[in-house]
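All chains are identified by letter, namely A, B, C and D, in their written order; residue positions are counted from 1 within each chain.
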Amino acid sequence: MTYFMGIDIGSGTSKGVITKDGELLTYHLLPSGVNYRAVAEKLREELLAKAKLSPEDIAYTVATGQGAANVAFSDQQVTDIRCCARGISRIFPSVRTVIDVQAQSSQVIRLSESGRVINFVVSEKCAAGSGRFLEVIANVLQIELKDIGVLSLKSKNPVAFTTGCAVFGESEAISRVAEGSAKEDILAGVHQALADKISALIERVGLEEGCAISGGGGLDVGLIKRVEEKLGIKLLMPHQPQMVTAFGAAIMAEEMVQLAG
Amino acid sequence: MADGEKKRAINRLKTMYPLRALVDGMYERAVEASKEGKPVAWCMVNWWGGDAVLRAMEVAAIYPEDYGAVCAAFGTAPTYLAQSDSDGFPSHMCGYARNCLGYAARMKDLGEIPPEAPMGGMPKPTLLLSSGYFCDTRYKWFQALGRYLDAPVWVLEMPHPGVKESRMEGVREHNIKFLVEELREFIAFLENLLGKKMDRDRLAEIIDDTIEMNRVWHEVNELRKARPCPMHSRDFWSSMPASLYMAADPKVTADLYRQMYDEAKSMVDNHIGAVEEEKYRLAFAELPPWHSLGFFNQLAERGWNFVIESWAYHPPKPIDLSKVSDPLERVANLTYQYFSGYFEDAFNTGDWWGYFAHPYLEFVREYQCDGIMLHPLLTCRTATNHLMVVQDQLMTKLKVPSLIIEGDIVDLNLFDPADALRKAETFEETMSHYQKVRKEAGLAW
Amino acid sequence: MKSRNPLYFAGIDLGSTMTKVVIIDEGEVIRARVESHTGAEHRRLANKVMEQALEQANLPFAEITYVVATGYGRINVPFADSQITELTCHARGVSSLFPSVRTALDIGGQDAKGLKIRDGKLIDFVMNDKCAAGTGRFLEVIAKALGLRLEELGSISLKSTNKVNISNTCTIFAQQEVVSRLSDGVPLEDVVAGLHEAIASRTVGMLKRLKIEPDVVFTGGVAKNSGVVKAVRENLGSEILVPDDPLISGALGAALLGKELTLKALEKGESVQKKERRLTEVTFFNQES
Amino acid sequence: MVTGKINHTEILSVAEAGLSKTKQIYQDRTRRVKELKAEGKKVIGYLDIYPVLEMLTALDLVPYRILGDMREPITKADTCLPTVVCPFLRSVMDLGLKGKYNFLDGVVMAHGCEVSEKTAHIWRTYLNPSYAHFIDTPHTTHAAAQRQHKELLKDFKRTLESFTGKELSIEKLKEAIKIHNEQRALVRELYDLKKPDPPLISGVETLQVMVALASLPVAEGNELLRQVISEVKQRKDGPAKKPARLLVWGSIIDDIALIDMMESIGADVVMDDTVLGSRAYFSPVALTADPLDGLAHRYLVELKSPRTFRETVLSETKRKDYMTDLENRFGYLKDYAREWKVNGVILQALRYCDIHGYEVPGLKDYLASIGLPSIYLEHDYSEAALAQLRTRVQAFLEVIS
């Protein structure tokens, strides 16, 4: 039995992975919806089906994310901050700082060579500092989330948002559209605003060489570009940034078994 | 445990209870005194000088700072805060101050102690003894009370030298002189206000007892260097007001601390700690979340022992005062020592911020802490100002990490226990990491 | 006094959510009242709302002696004779409806304000305009997510016997919380009542920064919501007055202030000769930026 | 050398108008001191109004006031000053950490308020200037405090002497006091030009002058003031008459944006009580036999700042009367209001400023008692906040008009 499962129930999306011998075997993601318990079960089913395994094959399951407590079948719950650090460290061993942009908050984590958390900050619970801001604006502009990054890169003249509130930002975006601003400029403006917030978080923990981005925000090249410009560095991007925390949870599962045995 | 009862996560010291009761009884004693027509002072913590004078003049002292914590714990703070808000005091200002201003406003409206006031309430004062020590709030607040009270305010001055300046020739002398002269001016003011002379012998006696009380209390805290540590910060917080506020005759207080010493000593001798299995030793800065102390039990269950806390609540480092004969000079030296006792080490290491951040370096080293929990407060600059520096220095110099949990002293909503626990759990990993780092760096723990 | 043409005064309140126009005559009789969603488009088309009002009053624009613009977009109304803040206008409007008013709470789409009024004049105020929590927008966002109309929120919540506590301050996260509460089976009315409580406790907390003196009037668009009215009353622990038409107190106040300005000018013998003004589109942003 | 004469008048050529000169210095504060540095002078930065500048001037050191920059986002200071403290000092620390004050040869800071005390020590540790001194200014005007303050000034003098290797003689100090007093008198004269309606010089221009003074050696500042005064007296294009004449009270204002906003919506800011305005200049130093006595007295007792506690003398009944107390503390504002014909007062404080925050209800009571309307604004030292303040100020102007 060398299979481990990591389940990350996020506020927007739930993610799950199965690892085998420390390598990613399969992953899956589902919208979290409102019933975390059900989504966790569903996620497990899908994962097992994809990997052609049965529940008994999984040696240990770690749950994480804001809905971790609802994962009835997990053996252990671990905070998403630790899982994220562990996950990114396995993917990029050289990484010392990771920016994790989730739907409900952004966090910056400093980690050691072995993927241990050595410092972290979490943003306030304000949508203007999280991935939700992007969702809200994407929705207003009627652009799919997956397309906002590329579109934003086209902007030459980002709109400066005058408010620090995602809700007012939404109205501002609507008026801007009415005033004839280009969608890419509005998106770039939002990306800039978010990048500013993120860099303020980074200032608080200090930036070290080897910085990666994870979480759903890591799928957004527009955001990444603005953050890179703001910090004057290149960010490392995992192939599946949104899965990093779930992957880390599986790594934690593995570690826990090793520790126990 | 034999009867199957769940063991409390923190072993509380039995000798803590009478110390706490001493302070809790302060309000009722003051109300009593006030009814008998005796003078009452609302008083800021002044680190022993002014308090001794008040006691020698038989003025009942009560402490609105402590009362702020009481109102927070009893749930009456929101009423007083709302009152202060509506009177136009900016809401980012000290929660204790706003609580007190609101209380005073209500007392003025009602013409008596508000009926909901916990612990008997604070009676109308004859004078306000304010303080120039540490925090601007502590004199601006009493000045602002003029809106509701016609009691005169006396601000007791305290020198705040920088580390470097304090080492210049003659500086210690003029600072002590300043403290002594300040006390003399205060005594003159009080004698004039109350129309009676102070009993100087009584003052000398009180001051000597105070010095002795602080010595014993210091010894108690020295015991906490033991592994496992016999006394958790919660016990410290419960028993420290008795030394900071002169709630009772310092002789009585000293006796209670002696009993506490005996209890803690026997725990040390028997290797009993304040938490069952001491996995992590922590320091705490600064003011605790009075209304969410249960949080520390949850941490204790995870093996977190809090072994040392805000230096500002601690007695001064021992100092030989046997050669100083003038009582006022004795207490001035004690207070000055409290403030500058860490300066020598700070000077030698070039820590120019001296009193406000440097003591943590010493504490963390001597009490061998794995981490420090910082509690920045939205409404108290004094307890927050220096925390970033503390964090930075502990990491740079001692490789000890900090956990930051935001909150407030009276506003319950700002402390989010679930979020705090999530951060704390993550922080265990950080502490373990730095245990290794310190070992590699050749540090002692 | 020589007979002269009748005078008319218009107040236009270009709010973040609703645009309101009121036209009154010299006797302060309301000749027209129009409200319309400000919306992204209408922001620019405030002139259209004005036209509707003129139509209602059956007056050409040239007959309007004085136009006062107020509200969030007041600076961008080119056809106004002067701009006055919504604080002053609300105070004026509310006192014309309730001369006994001393304290007013105005919750609009993008901000909440507390007003101290003495003898019909604004003397002090507080306002919150940084965060959508505690404003009408909070309710709009959540109503939309629940597929409810703003008009029905009030009556729904009045059925509640056990309002829920909404733990998220942020509008956007509260919206999510609400959805999940409903899926937990919490009755809709309890959730909506919880929302009303959230907004009322926030805004009343702010209002308390002024010394609250009776009579207290609750105005602004959100005062149309009977659920919030109830929650505000409970939070204040005292009676409150609500205008029949709380949306227009700002515009009404603007029109009344226009009248005062005009009469003052007339008294001084200055002409009320209208300067050249035209009903043109409103722009909201500096084009050069 | 303190001669009161200007040897290096290149940048202050009389031909050029004082106000445009002022504007230039306002926009590029460091230019002049950097020139002086190139000439071999030593520039000492100071914070707040409690460092005794006369001592610097007397030793031929160039005092340069450390200010913040509200247009520059704070990115570095988070590691040493948390967000719940005065944003001005956070900005100051931020600029320091970014190396913007590296040209200073030393700094002197004082116990103005609690955060400035902390800033003094943090600055010293993180930036390690070759000269740094902290003056622990007492909080009261007690006799003991006055004696202590004099001792503290002696300590300051000693560190300066060892830094410069020169002795600070009584004569030099007296001379320095004279030219600083001259500056104080000239500032008074400038403020007198704000008394007519409309004022001859606007609030924005005044602030620019004050910032310029904080960036120049005192003798050059005096010269600039003379030029400005004579220019302003003659000019025809001064500020327009506006319905409101405001007094602005409170925390430091070191950028024209806030005043500009007020003046752009129908007010003339004709008077202020802030540390970069009248508060810093309106009390002269008495020339005493031992100049330290005059200095100690002026900086502790004469300077009117809410950071210094003053107790009201008790009545017969040994009680205190609230209105008398207010009169004692704020009476000078009544004089300002009368002389400058003020019809509204803006109380403004930076968020988290305790010193000013606690004064607000009492000061409002006092102003109400003398029939002056007032409004309290809290702001966070950023440009973005101005838009929100605008509506509030405008509403206030509507209230008072």
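Just so we're on the same page, contacts are C-beta pairs under 8 Å (C-beta built on N, C-alpha and C of every residue); 3 or more make two chains touch, one makes a residue touch a chain.
Predicted model only: the values in this text are computed from it and were never measured.
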Any chance you could check whether B-D or A-C wins on number of contacting C-beta pairs?
B-D
Averaging each chain's C-alpha atoms to get its centre, pick out the one most distant from chain B.
C
List the centre-to-centre spacing of chain B and chain D in whole Å, with centres computed as mean CA coordinates.
35
If you average the Cα atoms of chain C and of chain D to get two centres, how far apart are those centres in Å?
42
Please report how many Å separate the Cα centroid of chain A from that of chain B, as a whole number.
42
Per-residue multi-chain contacts in chain C, two or more chains:
130
Quick check: what residues of chain D touch more than one other chain, meaning two or more?
78-79
Residues within chain A bordering two or more other chains
164
Category of the chain touch graph - line, ring, star, complete, other:
complete
Please give the residue numbers of chain C that touch chain A in the complex, ascending.
16, 39-41, 43-44, 110, 130-132, 137-138, 141, 168-173, 176, 179-180, 182-184, 283-285, 289
Hey, which residues of chain D end up touching chain A in the complex?
73, 75-76, 78-79, 384, 387
Show which residues of chain D lie in contact with chain B when the two form their complex.
78-82, 84-85, 111, 113-115, 117-118, 120-122, 124-125, 132-134, 136, 138-140, 142-145, 147-148, 151, 155, 158-159, 306-307, 309, 311-312, 314, 318-322, 325-326, 349, 351-352, 354-355, 357-362, 364-365, 376, 378
Give the list of chain A residues in touch with chain D in this complex.
162, 164, 196, 199-200, 203-204, 206
Per the touch rule, the chain B residues reaching chain D in their complex are 87-90, 92-94, 97, 130, 132, 134-137, 139-141, 143-144, 146-147, 150-155, 157, 159-165, 168, 170-171, 174-175, 177-178, 181-182, 184-185, 192-193, 350-354, 356, 376-379, 381-382, 384-389, 392
